[in-house]
Structures are given as C-alpha cells and as structure tokens.
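What follows are several structures.
Shared between the two complexes below is chain A, which pairs with chain B and chain C, respectively.
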Partner chain A sequence: MTGDVGLIPLIPERTRVVDWHRVGAVTLRWTAAILGALAIFSVLLVAKGSSPTEVFVDMWISTFGRAKSVEEIIIKMAPIVLAALAVAVPARAGLTNVGGQGQLIIGAVAAAGTALLLDGMLPGTVVFILMIVAGMTAGAAWAGIAALLRLTVKVNEAVSTLLLNFVALDLLLFLIYQPWRESSTGQPSTRELADAAKIPVVTGTGVNIGILLAVIAAAAVYFVLNYTRWGFRISVAGGNPEAARRAGMPVAALLLSALLVGGALAGLAGMINFAGTEYKLRPGFGASFGYLGFLASWLAAHKPLPILVAAFVFAALAVGGDSLQLDAQLPAATVNILTALILVAVLGWTRSKEKAL
Partner chain B sequence: MAHPSSSTPPILSVTGFTKHFGEVKANTGVNLDVLAGEVHALVGENGAGKSTLLKMIYGIYEPDSGEMQIDGARVEPGNPAEARGLGIGMVFQDLRLVPALTVAENVALSLPGGQLLRLDAIAKKIEHASAQHGLAVHPKAKVRHLSIGERQRVEILKVLMTGARLVILDEPTSVLAPQEVDALFSVVRQLRDSGFGVVIVTHKLGEVRAIADRVTVLRGGVPILEGVDPAGYTNDELIEAMVGRAVDTIQADRTPGAKHDDDRPVLHLVDVRALGDRGHEALKGISFEVRRGELVGIAGVAGSGQRELCEVALGLRPTSAGRVILSGTETRRPTDAIRAGAVSVPEDPVSDAVVSRLSVLEHMALDGRALPRKGVGIDWAAIRRKTHTANERMQLRIAPPHRRVSELSGGNIQRVVLTRELSIDCSLVVAAYPSRGLDVANVNRTQEILLERRRGGAGVLMVSEDLDELMAIADRIVVMHDGHVSGIVDYADFDRQYIGRLMLGGAA
Partner chain C sequence: MSLIIDVMTGAVRGGTSIMYAGLGETVSERSGVVNLGIEGSMLMGALGAYIVTVESGNPWLGVLAGALTGAFLSAIHAVLVVWRGANQFASGLTLLFLALGLTSLFGSTYVGKSVTGFSPIAIPGLSDIPFVGPVLFNQDPLVYLSFVVVPVIWFVLFRTRAGLLLRTAGERSEALSVNGYSIRTVRTWAITAGGALAGIGGAQLSIAYTQTWFENMVAGRGFIAIALVIFASWNPIIIMGGAYLFGAALALAPALQARGVIVNQFALDAIPFVLTLAVLAILGKRTLSAAPDELKRVFENAPPAKT
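Presenting the complex of A and B:
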C-alpha cells in the first residue's frame, strides 16, 4: 500500500479550506498596491491645488465616519457583487463577459415590466418572486444573444456583450420615454414599485436585504464552481477547449450555459437594484454597477469570495467619490481616476508576481 | 581535454560549465572542445543538460561558473548576437524561418546591413555560398514551398553566411526522412572537410557512428564521456553511458493477438478526405484498416497528414468525403469514438491535453468516460483509487496527484496522458508520437504497454517519427506522403530504404 500515489494526502490541493499564508500575501499586495495608487492620485490632487491629506481625511470620514455612508456602501455592494459574479462564472469557462451592465439593465426592465403588469393584482411576495425569475431569465437571454453569436458565427463575446450594453440602455430609454412613462410631465420614469413588492429593509436602517441575496449568491457560485461536475466541466472547457473536446465534453453547451448563468446573475443584480433601491426605472438607472462588477471580478481574479472584498472596495470608493465632489469641490469623475489607478496597480502587481513564479 | 597532436587551439573550448536552476542541476562541470575540421556529437537523454549547455555557448544563459574560449581566447557572450559575432552559429530544432518570405529575404533578416534591402546582391551571395558548401537552395523560392529538409539547408546557409566557423545543429535529424538524413550528413562532411567545427546533437547511436569523429555523453547534467572516439565503444556501452544502466531493446513477437468474437476492424477508413487547419486538403483519399490484435504504424515526414488522420479517426475533425468506421459504427463526433472504445495520445499534449490550473488528479478524470458521481459533485476518491491502480499497472511513475500539470515537464505530462489513456479498457488506441519526450526506459515501457494492448485484443494505430521504433514493434507500416497513403508495408517486407522512398512520395 505504499505506492507513489498512496503517500499523497486524500484532499486534493484545490479543495483545501483556506491557505492563510496565501491570504496574508495577497492582502499585503493589495494594500501596497492601493497605497501606490493613492500616492499617484496625490500627485494629481496637488496639481489640482488640493491638499492630498485633507482630501483623504475628508474621504475617509465621509465614507466610514457616518452611519449613513456605511449603509450606502452596503446597499451599493449588492449589485456590484452580483455583477462581478456575472463576470466570474463565464471567466471560468474562458469567456469575457463585458455585458454585465446591459444584462443588469435588461434584468431590471423585465422585473419592472412584471411589476407594472402584476403588482396590485397578486400578493406582494408572489410579485417579488416573479420579478426575480423575470429578471434572471431576461439577463440570461440577453447574455444568450452574445453566446449564440459566438457559437454560430464566432463573434468574440467580449465585443458583442459590450455592444449589447448600449442596446440595453437605449431599450430602457425608449421604454421610459414612451410606453412605460408615468406621466407626460416631469422626469421620464416608470411609476414607483408597490411597497408590498419592494425588497424588505432591515429594521431601523436603510439597508435592504439585497446584500444577503448577493452574499448567498457568492457562496453558491463558490460551491458550484468548485464542487460540482458542471463547475469542473466548465473549468476544463475554459482552460483548454481542445482537451475538453477530446474528453467528449459538449464544449459549446458548456460555454453557452456559463454565459447564461452569468447573465442571470447580472439580471438578478438589476432586479435587486430596482426593487431594493431605486423602485423605478429612470435614465441613469443602474449607475455603472455592471462595469464596477467587471472591475471587481478582475481585481478578485474571478474568485467568488475575494469578489466580496473587491466589491466592498469599489462600493466604498463610489460613496467616497460622491463626497469628493461635495466636500473637495472636485469633479465627480475624479474618483474614477482613483478607481482606475487602484485597479491597474493591483492587477499590474499581482499579475507580474504570478508570472514570476 | 588536451590534444597534444594539434598545435592550433580548438575553435571552441568549454571548461567546467556549471548551471543550476534552484534544485535542478542542469549542468555540472561540463567540458566540451571542438576542433577545426571535426564533427563532435553531443548525446544524452531528454533532460541530460544538452540544451542548457548549448544555450550557455550561444549566450542565452550565463553559466554559474566555468569558462569558454574561442581560438584560445577567453570569451563571455552575453547574448546570441555576441555569440554569432564570435563565429558561433546555431541551427535550432524548430526551424525559425518566415514561411511567407523567400529564401533570400529570410537570409537578409539575419544579415547585418543598412536600411536598404539589396535582395539581388544577397541572392548572388546565397548562390555562391550554396555552391561552395553543397547546399542546394533556390534564393527566390518561398520558404513555405520548401520541404523540411530544404528549410534546414536554408538555416545552415544562413548560419554560414553570418560568418560562423562553429556550426551547432540541435537534433537536426528528428524531422527528416532517411534519405534527407543522408543528404544532411553529406553537407556536414563537406563542412568538416573545409575546416568548420560541427556540433551535432542527437540521441540516435546510428547517427553517432555515421558522422561523429568524437562524442560527448551527458547524463543528469554531468559529462560521462568527454570527447572520445565512438569507435572505441560498443553500442551497449554508449547506451549505458546515456542512461546509466543497460537497457534491453524491445522485440515484438508478431504472433497474432487474442482471438475475439468480433472480427470487424476496429478502425476502417474508406477513401477519407479532410481539410487541414489552413484550409488545404490534408487527407486526399485514405483507405486502410486496423484489426484487433494488430499494431499498425504510420510513417511519413512531418506534416504528411498524420495529425489530421488521427483526428479524423477519433471524430475530432470532420471529413469532407469518405467514411470512418470504428468497430462497425460510423464515427462523426468525439463521443462516437469514445463510445466505440477508442483512447488516444495526442500529438501535442501540451496544447491538446493540458488544462491550465488543473492538477494531475483532475487530468486523470479527463479520460472521456463518465465522471464518477457523488451527489452533484465528483467522487474524487474513486478517481484517486483509479489513478493509483493505473500508476501501479503502467509503471510510468506519474507525478503526485496534487501537482499542477501545467508546471510539469513535457515528459512528465506525456506520462500522465499515457497512464490515463492506456489504462482504459479499449478496442482502439490512437497514439501519436507516444514516446515523444520520454527517456529510454520509459520509451521501452510505453512500447511494452502498446504491445500489451495489442496482445489483449485492441487495435493500435501508432504514429512515430522514428522509423526504427515502428520497424521494431509494428505489424504493418502505413506510409503517408502529402495526404496520400504511398504504401502499406507488411512486417516481412520492412526495409529502411524502401520505406524511406515511400516517405518521399514513392519515386524510385
């Protein structure tokens, strides 16, 4: 019983619980990269005539120093986490889903349509569940367009999903300016969702339980990717389609399903943003959660649990960015520069480390 | 080594080259000297340190210690350009020419020159040099129209025209048909006679005997024989120097394999045509069959359609005409072939079998058979047991199950694939270059396993670039040339020269 193989521990490396040494190293790299990004950002602030220390202290206080802001961060986190998972699942299959934003919008449109049609007629909980189903299905269908283009005429899914974002946005605008417009006066938007169908809010706070759904979704994606046959198969198809084909796997169906699941997750993000935060469709609906999710997934190397951390960072930056505009009188877009610097710093550094190994 | 007889110093003299990569001792105290007008063979198994030595000589790696002299003067080339400046020329195993350009244009790429491209002048120089060295090439021909042997001549010419006096040929014969090897060797002899120093890397003893004046044998990065005359050693002694022990050569017994109730051929190709990746017709009407208990070899120069043939047989590549029948059922998709009981060793395991990030154990699960279930997950314990059994049975000693396959060497990857595929009960084995990247002992073991499968009643289709290997174990050899079957030779009629002619298209 002492063959070469018998000596090996029975748990595969991949399924070991948590490698704390690695977590420490990753945390250190992230911290250093973020500090580096802040340093570069400081140069810009100085050039703009602001004092970096003042701006950072202001940002910190307005981001974490007020209960309201912390609630705001948690609320924003939910759609970002889901939009990031919408990137992470297809990424496992070797696909680049840049269409989270569009899938999110379409998910919200479907949820809103369901609500407009049914709320008041059916019990709130039923409408709520139907909105989830509609949002996820619509998000999946929107991603499915890109998947089919890829599998039939070989259009790169990164391009098609990105372009479909603009189509989704225009569809949203058409609906709220024309058929779904609440009134011909005032802002173009749909009517507000009935209270019974809104996502419940944690008592005493402004936080809706969307974050709970997002965390459950992250845990589910983690489990599915690492412990199911489907998760294993899409890893193989993504890692080397030719090897998957030789092993008799239905590669096209696997890629299709991975992108559909991604779309469904983004659709859920749209539904949560609609039924938990905004309650109506309007021109700026969904902010740029889809894109922030894309960045968060890349920052987290497409791993579900680190995605929670990355989404938190981006949500905090988004909230801090608002205060940047109010307190430091800097344009709102300034925070985008900081976001981009952090992303480039973390990616640049972690990738170069991985290469060096 | 001192050469009291020669008054002039050797062209190249390497003393005590050592290069360690962490734990891996690629070279330890290696000496090599090459005289003007001699052919020096450098032999050793895969991983013996030949490539590392060449890379240090060519300025790609910097040695940890040791020194190198050219014409008795100490040199330290820091990069290939400096090495070329010192008169060192290298012809790599994977030829590095631009297929879309002409011979003259390719040569121009490697010559120093101003901004003006004077192709006519270069063409003249090429003609002059090719006449001088007996290297027939046409300067205006596009490289993509040349055979591998011709491309090799262009590479050698390129090296000579950049002023090399020491020509290093890295496994030059691995891609050539026997006749092309003869042609190459006559070029090498001519170079030797005109005073060049030639280093030739090979692991074929016949070639050492045919061409080398002296031989250096490396094993595990350490020189075992240093610049000795091969005539003073028997084949067994040279093999033992290479692998550290005596190795029996396999002799297949050609008695028919186990009788089987089902006597349909396990693979039957009927006038099969198929396109290659570049849209050209790669298979132009192939017909032959493989029966149970039979090992059929496929011989041919590289790129004659072997890859496409294997893929068509496994349902991986669509046919444009003809029929592919495995054990009586027509095969169109990979799953058809798997269901018919086919297993395969891909031509290029790194690109066709290795999945980044996955471990050895996870690769063992990719055998085309259903994944063992455990709820919604996979029963990894079952795969672990299967891996253990397969490893015990195959004795190819695969890497530990938790290792990432993408971090393994080519030979170790090949062993994982061989262990996985050949441990499956199957009716047909399609093995493309199964011994590629393996050391002598594992090559033998792999051949034994293939013969075991044959004896057990499977049909084996084996592609190899080593004609000796095929002649040693095949029952029949199907020779391919340019997408056709140029001949099928039975065991009783095996003959190197005859098969070599068929490989070149069958012209007498």
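Presenting the complex of A and C:
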C-alpha cells in the first residue's frame, strides 16, 4: 500500500471493475476465519463445562430474535462506527491513532460540561447542537496534543495517543468523583442530562438517531477520502511524505488535520454515547468503544463502508455477551474471546504475509 | 516520617507488578516489537497463578503457572506479528481482549475464593535498618525476587551473547541474518520471555499484593508499564526506580486518606502517564534516540527491514 501511491494519478477506486474472483477468495477466507474462531471458542466452552450448541443457539436467539436486542445493537454500533472512522482517517495519512478511547471520553466530558452549564437555560435543540460542537472540538483538541507532540518534538502519535487515553480516563473519574458529582452517596455520576437536550429517538423504537449521524459520517469520510483533494493529499503525505513534500504539499498541516479530524469523530462518538445512551457520566462510561473502534477499523482495513459491517459485528457480539450472562450464566466479558479470535484470524490469516517482520 | 514510610512501602509493594511488566516490555521492545498485550499477559498471569495456588497450595507453583500463562498470550502476539505480519498495535490490543475474555470465563468460579499466597516476610537484621528496612526488607518473596531479576535482566541484555542477539534484532536486524541468525526466532523468544515476566507481575498482584482475584483486576497496570518503559528509556535499572516512583504516586492517596486528608485519587493516578508525556515532550528526540532503531521504524510507520 505504501510507496506506490505516488505513481497512481487521480484515478480513485470508482473506475475499477468489481473483481468477482477476488471477492470470492476474500469471502472464503473470512468465512474460514470466523468458523475457526467459533471452533476454538466451542472448545473453550466445553473446557468450561458448557454446551457450545446451546450457548450459540441461545446467543443467536436472544441477540437477533428480540426487538430490544436488535435496537441495542444499533445503539451500540453508532459510537463504534465513529471511533473506527477516527482511526481510519489518520491511517490514510499513515498515522496510528490508538487514542480513540481518550478522545471519545474527552468528547463526552466536553458535552457533559456544556450540558451541566447550559441545559437549564437554553432550549434543548440549542444545547444539543452546542454539545456536538463542544464534543467534536474537545476530541480534536485531545488528538491535537498528540499531533503537536509529533510535529514539534517528533513523539510518535501511537505512543502519545495511547498514553492520553489514560489521562482522559483519570480526568473523567476525577470530575465525577468530586467537582461534577451529583450526590455524595451511591455510585458517583453527574446529574442526568435534561430531557429536551437528549438525542431524539426514532419514533416507535428505542433507537436514538446517533446511528444516523454515524452512517452519515461514514459516507462523508468515504467521499472525502476518495473524491476530494484533501483526501488524496493526505494519502500521498501518508504513503510517501518525501514525494508529497517535493510536490509542494504542506505535509505537516496535512498530518495535523488528519489527526484532528479523527479526534473530532471520536469526540462525536463520546457525545452520542453521552446524550443518546447514558445521559450521565459515570465510571465505566464509554465501555471500550474506542478500542473496539480501533480494532473494527483494522478489521475493515480502514475502509469506511466495511467499517459499518465490522462495527455491526462488534456491536452484535457485545450485545451477545449480555445474553451469555443471562442465558448461560457465563460472564458477559466472555464474549471478548470471540471478538479477539475473529481478529486473530483476520489479522494473521486473511492478509498477505509480505509485510511480516 | 511515617507517611513517607507508608507511601514508599506501598510504592514497592504496588510498583513491583508494574516493574515486572515493564521489564517484560523492555525485553520485547529491545528486540524491536511493541507489545500492547502486556496488560493481557498480566491478567493471564494473575489468574493462572491464582488458580494453581488455590488448587495446589503452593504459591511458587502459582508463580510458574503465572509465567507460563503470561508467556502463552505473548507467544500468540509473536506468531501474529513476527510470523504473520500483523500490525503490532492491533495485535496487542486484540490479545488484551482475548485475555479479558479468557480470564473472566475461567476466573468466574475463583472470584471470592480465598488463597494462601505470599505474605510479607521481614528479613532479620536488614528489616531493622531505619526507613530502608520496612520499605525494602519487609516485603513479599516476589518483591525480593525482583531485586535479583532486575540486575539479571540487565546482565543478560548487555553482557551476554543472547542479549547481544536480542538487541541486534532491535537495532540492526539485517546484521543478524547476515550472520546466519533468524531475526524471527530471536524476536519470538524475546516477546515470549517478556510475556512470562509480565505474567510474574500479574502473579505478584493476585497472590502476593492483593491476595484476591476479580475480573479485570490488572486495571491498566500493563499500560502504566508501557509508559514506564519509555520513561525509563528501555533501561532495566531505571525501570526499577521508575516503578517505585509510579508506585508512590498510586500509594499516596490511600496513605493520605488514612490520615484524614481527602485527596482525589484520580489526579494522582494520571501522574505516570502525564510524567511520561512530559518526558517525551521535553526530552522528545533524546528519549526516542534511546529507543531501539527497529522500534523507531515501527513508531515511524516505515516499512520494516526485509528478513
């Protein structure tokens, strides 16, 4: 993928004809990968004394057979899609953003701060829009710290974004344990967001329109990366910085902007999770959507449309974990095994081996 | 004075698991491979050690089990990254999820089960030395083991042939293949050994420091270890000091609270990460110039050298 970018003129993927042979091979490898993951998971379940067929059937039925669970999947999908896009955009510029989790948390913190300050004074819609702006700005700023460290003192962004995740988490906990805490008894959390400022729900369902924002964002990212000058330039800057520099491109500004856009997307994920699902900040806010997004982006080879599929799979698995707990009395976190095994198979056995160390 | 002793004693007890994990990460990174799954290796080690100690009653068998389970997880990282060309960051995080799942599945029946692990043992004579005695010589056996492991790791890395090969894999991997060694084999061993060390760190956490098992008990210590390695510029001796420094930051809040001073724990919890970021920002290039060359390639997303 690297190196040859400079040779490709402005002919994006749209001109390519679908290669059905390749599609078939890819489908086959993916099927094999997922079946392999299921097989190993079954062995582990047997070792634990559970019946794999029973567990799988129960999981399938309670994950896809109940309207409530399907809604739950769609709700969880939104932040994962956005967190994955937050990885995919910088990846196009050759940057590794491991910091989606932190940017998501900071986005939620900014949204919550805005709401705490204003949701009693301004109309709900205004607060809602301000929360989006605050969340995206804060997420971008948090990623911006990493971008600045890279551009000024050459600190690698994978390291700095990773470290910033934990600073963000501690900041969140700091705020909800003291300054923003609603009541000194019970589980620490902030006051609940005013009803008027909550993300609207699709009529007749429990699904908030966060998923709509996420799908629009995925389409926008797809368009921007493939059909705009900026998208082309960041991929050149990422693939061959030297060539980009010689062509007169502002490489530093391009890298900075790619990481900022990523941070803004993750910040939006945090805002949606706050104003659409949880309504208050509490310990464990945001689950591990940022990390799941990182992995979803890798699963989808950083392509926006496959990211929708990968995020759906991870969201379904997360919901499946809850049903594991209810039906099979296994800890919900058990489902992480399945998530990880699918990734192991995909990372290790569905790509070319050429880049092996 | 008693506050300082309390904090430093807590720093050594609580910092030791981070130290083992940091040493493991150093061994791995010195060979040129980042392992974000070190948190997972700690979890596996913590549970492996706990189960074997509960079932056998012998905590040393538990430590062995912890090392083996930690090594097992990191060996998967080695296979994926070294032999299958997977991205190091994605593979590391994947293995963290794998460890979270495996340990909650197989650990659920051990939650709340009591264990007879390691308790602090005062070393006669040495533990009577003012200040140093209670801080360093009234600790659990795995803390004492770390006093030996740190110089041994340093010696192996910098004074033995195996260490030279390992560092060559991290600095100039092509020199290894020119001389007939396999870069892949050297890295596989380094990553796996690193996982074993992290596993011992996990064991110290579950059967010595807290003597309990609960889901996700490592709670980010593996990531503190990753920060620590950078903070200590890949040097085992500095890692020891850094682990105690970070441990002190974590031990300060409980010690103050015991004296009626209310502090917000989480401001202190951020210290290891903020300090490491500050070190990177201030010493930026200098810190990174201490990094193994092959690791810099990883960090700079440059294509790795051909095998």
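Methods note: the second predicted complex is superposed on the first by the 324 of 357 C-alpha atoms of A that agree within 3 Å, B and C clash if a C-alpha of one lies under 4 Å from a C-alpha of the other, contacts with A are read in each partner's own complex, and residues count from 1 in each chain.
In the analysis below, a residue touches a chain if its C-beta (ideal position, glycine included) is under 8 Å from a C-beta of that chain, and two chains touch if they have at least 3 such contacts.
Since we're looking at a predicted model, the values are computed, not measured.
By the document's definition of touching, of the two partners only chain C reaches A:Trp298; chain B does not. By the document's definition of touching, of the two partners only chain C reaches A:Leu44; chain B does not. Applying the stated contact rule after C-alpha superposition, one finds that A:Tyr177 touches chain C and leaves chain B untouched. Chain A has more of its residues touched by C than by the other of chain B and chain C. In the overlay built on the shared chain, the residue A:Ser160 is in contact with chain C alone; chain B does not reach it.
Judged by the touch definition given at the top, the superposed model places A:Leu326 against neither chain B nor chain C. Of the two partner chains, chain B is the only one that A:Arg229 touches; chain C does not reach it. In the superposed model, A:Glu242 lies in contact with chain B only, and not with chain C.
Using the contact criterion defined above for the overlaid structures, shared-chain residue A:Thr96 touches chain C, although it does not reach chain B. Judged by the document's definition of touching, chain A residues 3 lie at the interface with chain B and also at the interface with chain C.
Taken in their complex, chain B has these residues touching chain A: 314, 316, 334-335, 338, 344, 346, 351-359, 361-362, 365-368, 371, 373, 376-378, 380-381, 384, 387-388, 391-392, 397-398, 400-402. Within the complex formed with chain C, the chain A residues making contact are 2-3, 44, 48, 94-96, 98, 149, 152-156, 158-160, 162-167, 169-171, 173-174, 177-178, 291, 294-295, 298, 330-341, 343-344, 347-349, 351-357.
Interface of chain C with chain A (complex): residues 32-33, 36, 76, 79-87, 89-91, 93-98, 100-102, 104-106, 108, 173, 183-184, 187, 215-216, 220, 223-224, 226-227, 230, 264-267, 269-270, 273-274, 276-277, 280-281, 284-285, 288, 299-301, 303-304, 307. Taken in their complex, chain A has these residues touching chain B: 3-10, 12-15, 227-229, 232, 235-236, 239-240, 242-248.
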